[in-house]
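As written, the chains take the letters A, B and C, and residue 1 is the first residue of each chain.
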Amino acid sequence: MNSSKRLLFGVLVSVSALAVTGCSQGGGATKTVADEVTIGISLPLTGDFSEPGKGVQRGYEAWAKYVNQNGGLMGKKVRLTILDDQSNADRVASDYEKLINRDKVDLVFGPFSTRLVVPAAQVAKDYGYLFVEPAGAAAEVFTKGFGNLFYAAPAVANDHYNYLAKTILAMPISQRPKTAAYASMDDPFAQGTAYGLKGKLEAGGIKTVVNEVYPPDTTDFGGIAAKIATSKADIVVGGTQYQDAVNLIVALQQLNYQPKLAAFSTAPTNPEFPKAIGDKTEGILAPTGYTPGAAWPSNVKFVDFYTKTNGNAPGEDEANAWTTGEVVAAAVEAVKCADPSPKCQAKLIDYLHKNTVETVVGPLSWDKDGRPQGAHLIQQYVKGAIRIVLPEVQKEADLLYPKPQW
Amino acid sequence: MFSGPLLLQSVILGVLLGGLYALLAAGLTLYFGVMRVVMIAHAAFLVLAAYLAWFFNRQTGLDPLLSLAVTVPLFFVIGVLMQRVLMSRLRPATLTMMSVLLTFAIAMFIEGMLGFVWTGTQRRIQLSYSGASIEFFGARIAVVKMIAFALAAVSLAGLYLLLKKSRMGQALRATIQHKEAAQLLGINTERIASYGFGLGLAIAAIGGTALSLDSTIYPSLHWRWIGPLMAIIVVGGLGSIPGAAAAAMLLGLAQSLLQLPMGTTWAQTVFYIALFATLILRPQGFFGGRLAQRF
Amino acid sequence: MLSASDLAPPAPPSHRPRPATVLRVAKGVALVVAVAAVLLFPRLAADPFILSVGVVIASYAVLATSWNLVGGFTGYISLGHAAYYGVGAYATALLIIKADVPPFVAWIVGALLVGLLAIPIGIAALRVRGASFVIVSIALVLILLLVFQSWGSFTGGSNGLRVPRPFSADVLRPEQHERFFYLHIALLSVVLLVWWVIDRSRFGAGLKAIREDEDKAESLGVPTVRYKLIAFVLSAFFTALGGGLYALWFGFLDPIFQFSILIGSYMVLMALLGGVRSLFGPAIGAVIVGVALEFFKSRYGDTQLHLVATGLLLALVVLFMPDGIIPALTNLVNRFRPTASSIQEMTAAELLQRDRAERPSETELSATEVADENTAVPR
């Protein structure tokens, strides 16, 4: 093979490839119409986080539609540009680069999942953009010095179970559980929720007899369930996402382990959950940032609008997305600007640091690192339906303790 | 230390796990023996079979095991076609590298199609007996795990009989042992190789269905299985089915027991440690298989 | 009309330039154009997004060429080369964070550490060949994934590791992209140089002998074990340099994205596509694959079809263009040129002289000739 010819071809190919990249990328830059507010978002629509990613997409789209039907943002129509980051950190960063530099969006909304939030927030920060995000709740997100980041939900991961911890520790000694088993996914969010509860319960004297951490792709929970079952712990706490909770619960059922209290993050808020574990949901607890039944004024409108357009009530992912929209809209309307200039974005960021915003999850305010200052609700399956049981002031049903057999 | 009941439970789980691993790994070692091909797509086919079982159950409401009647012959045919159309095109000089890349490409293709057709949502078959278990000396054996073990035992026994007693099986073994000698005996090794491939994929169909009974499935699940399965077949000896079965039982048991002191994550490293140990101490594998020397 | 018994060599036609000279001039011009295009790319790029894509492609080119140091020369296919990429990235990051080492010093030191680690790994892994070696390389990257995920206290685990920026805060992001683009190109040039030097050396000839037939090479006296190990360690070192540079540029490390078999297989795909036996092959493959990935993503991004497309591309390359895209295209072009007749009208010695003048690389010495001290042939 002739290396000079090879080189010639190679050089021609690479130069033309570079030219192709340089000139005609992805359909060309979109031109911003003067009376539109463009918002750029990157979501995991495919890949490992695609299920909740799609929920967030629905929420954003519903919000945009609602806003446009009700006078728009500062009188202008809102247009969303949503890209798919394939649940990949490299892609999410490059997506936001594209949205900010190529599409020149006015505002950005955050992606889904803590793993993707950090690289995305970095890009936003480097370009001076406000970054309100619906899904990065792990403690680590708030320790990286992102002054432009705000989490659009009531509480960070470690505080999700606060109300439950308080209630358990307030029980009389005879009723209070003595031992606890924890199983969490090696994921900053899932683990954060469980460890937040664990810290508080341990401080209150409840002994940890099992503390298991498993990799995210674990599908076989026989071993972990065996440890939990033989420890006969009074309560089991899962720092889980979705399918791992389902698998763990089935494994625990297979071993006939009957705890007095069972709490799992994320999974029980999913509408597929009851069917997946064989309708044996009675008594299972979960922290939730959102309930369709909450009486906040904007929530009533949200549930109404969403149900009419989508045919079913919104879930937590959709609500987090809607909240993000609400927060950004509040800042925009207050500061009266929505453009990519660092000056405008800085004004938006400043506003949110100093003010409280009314949303579908209640009033939200943040500390300087973007941590919201509220607390998550605790839901429970009571008589087959999800009911809020804590805090007392918002409860729809009494806390069921001890848990019936599953 | 660890209580009696916990140890017993772990041993039982380890045995059941080992059986499942044996079923999943058997096909993989077969492709290697027949054609010296590292079939990276094997795990992807397992997931495909699992999806088909789930889909069958969702559409018809019938037990997913019944889908085997369709998937086993289907996968056999796919295997034969794959060998005939794709593998035989590769040049023998660079067979290893090219087969790795080609089967990798097939795995990506399958993952992409699964995600396209059924989205990335994680699925799990919900059966009336999913949570049921049988008591055994103070420990509990999950019914679905027992069924998977039974499937493994039956399939491997069937495979063994096929290889030992039937003419095709004997021809296959001859091809695995020494291709040129088999050709001299008048065996059409190309055709036999395609049957070997088909057989490997047919077993993958059974394995995938067994997997679907007690596991969550999602398109990128195959990545999680490639490592452990490869480790199993190397430890067992490439090309040897009894070797793969023995290594699978051993490693399944080891993983289950090591979970007690070390936790799930570190217990998973047992596969790779065994793999490295095998390659350093006895590259041809511990349980038979003389093929794993210069390939 | 010339015949084989004519002793005088034919006079070269001096009235028109020989094809070889034309080609050489064209080659030189093309090289100059390409270098200019690459160096001017940051100016030519339409916006910082394109520039960031350029950085990514340059990074791929470094990785693919580094992989080729072992994969192309020795024929040992490592599908888990992302292991060195990941460890290089983490080593750089951890040295900066935990040991307060200045960023670019940490980068070099980190890669050196990986090179040192590669020695025992190579000694163990290179004991097996072919399929077993592939399996070992996959196992290596998977076990590193497990370790880096679980050892959270040291590596940050699943929470990820934030890498401090090497440049001061007033260097804006677009300029960062530009600086890192040039850094990657500089690194790429070094790796290309190393490849070129090896290609022309006895060491390289020994490696190629190993690729053709290891046993015969060994029996001819090529120190196979030592040569393989050197190539392996060099490849790991440069891959780690690529990983460290990525860490400095991207700023965030997550084990699940650094230690991935997918990255390793992209490296192989790129090298294979471009042609493993050529200097610029892997780099060209990197450009093609990088552009293709971006293209597939913008076309099919929100479905899983991009995986399908990548799989098909890989399958096509393996089945129809196993030597790489450039040889395949050139073969296609060669079909239309007048074919040489089979009856030679020159002696073998004259033929050899002519060939050597026209196509030097094809007449390179084989392992047997290198081993044979008596063949002192001038280059």
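The rule we apply is simple: a residue touches a chain if its C-beta (ideal position, glycine included) is under 8 Å from a C-beta of that chain, and two chains touch if they have at least 3 such contacts.
The structure presented is a predicted model; accordingly, all values stated were derived computationally and were not measured.
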Per the touch definition, the chains contacting both chain A and chain B are C
Among the chains in this structure, which pair is joined by the largest number of C-beta pairs in contact? A-C
From the mean C-alpha coordinate of chain A to that of chain B, what's the distance rounded to whole Å? 36
Can you give the whole-Å distance between the Cα centres of chain A and chain C? 40
Would you kindly tell me how far, in whole Å, the mean C-alpha position of chain C lies from that of chain B? 34
Shared-interface residues of chain A (touching two or more other chains) are 46, 186, 213, 215
Note: chain B residues in touch with at least two other chains are 115, 120, 223, 265, 268
Note: chain C residues in touch with at least two other chains are 146, 149-150, 303-304, 306
What part of chain A is in contact with chain B in the complex they form? 46-48, 50-51, 87, 186, 212-215, 217-220, 222-224, 226-227, 229-230, 242-244, 246-247, 250-251, 253-256, 275-278, 280
Please give the residue numbers of chain C that touch chain A in the complex, ascending. 23-24, 26-27, 30-31, 33-34, 37-38, 41, 44-50, 52-54, 56-57, 146, 149-150, 152, 157-160, 162, 172-174, 176, 250-252, 254, 256-257, 274-275, 277-281, 283-284, 287-288, 291, 294, 297-298, 301-304, 306, 323, 325-327, 329-330, 333, 359, 361-362
Could you please specify the touching residues of chain A with respect to chain C in the complex? 1-15, 17-23, 25-27, 29, 45-46, 83-84, 86, 88-91, 93-94, 97-98, 100-102, 115, 118-119, 122-123, 126-127, 138, 140, 144, 186-188, 191, 213, 215-216
Which residues of chain C touch chain B in the complex? 75, 77, 79, 124-125, 127-132, 134-136, 138-140, 142-143, 146-147, 149-150, 215, 261, 265, 268-269, 272, 303-315, 317-319, 322
Would you pull the chain B residues touching chain C in the complex into a rising list? 32, 36-38, 86, 89-91, 94, 96-98, 100-102, 104-109, 111-116, 120, 219, 223, 226-227, 230-231, 234, 238, 265-266, 268-269, 271-272, 275-276, 279-280, 283, 292, 294-295
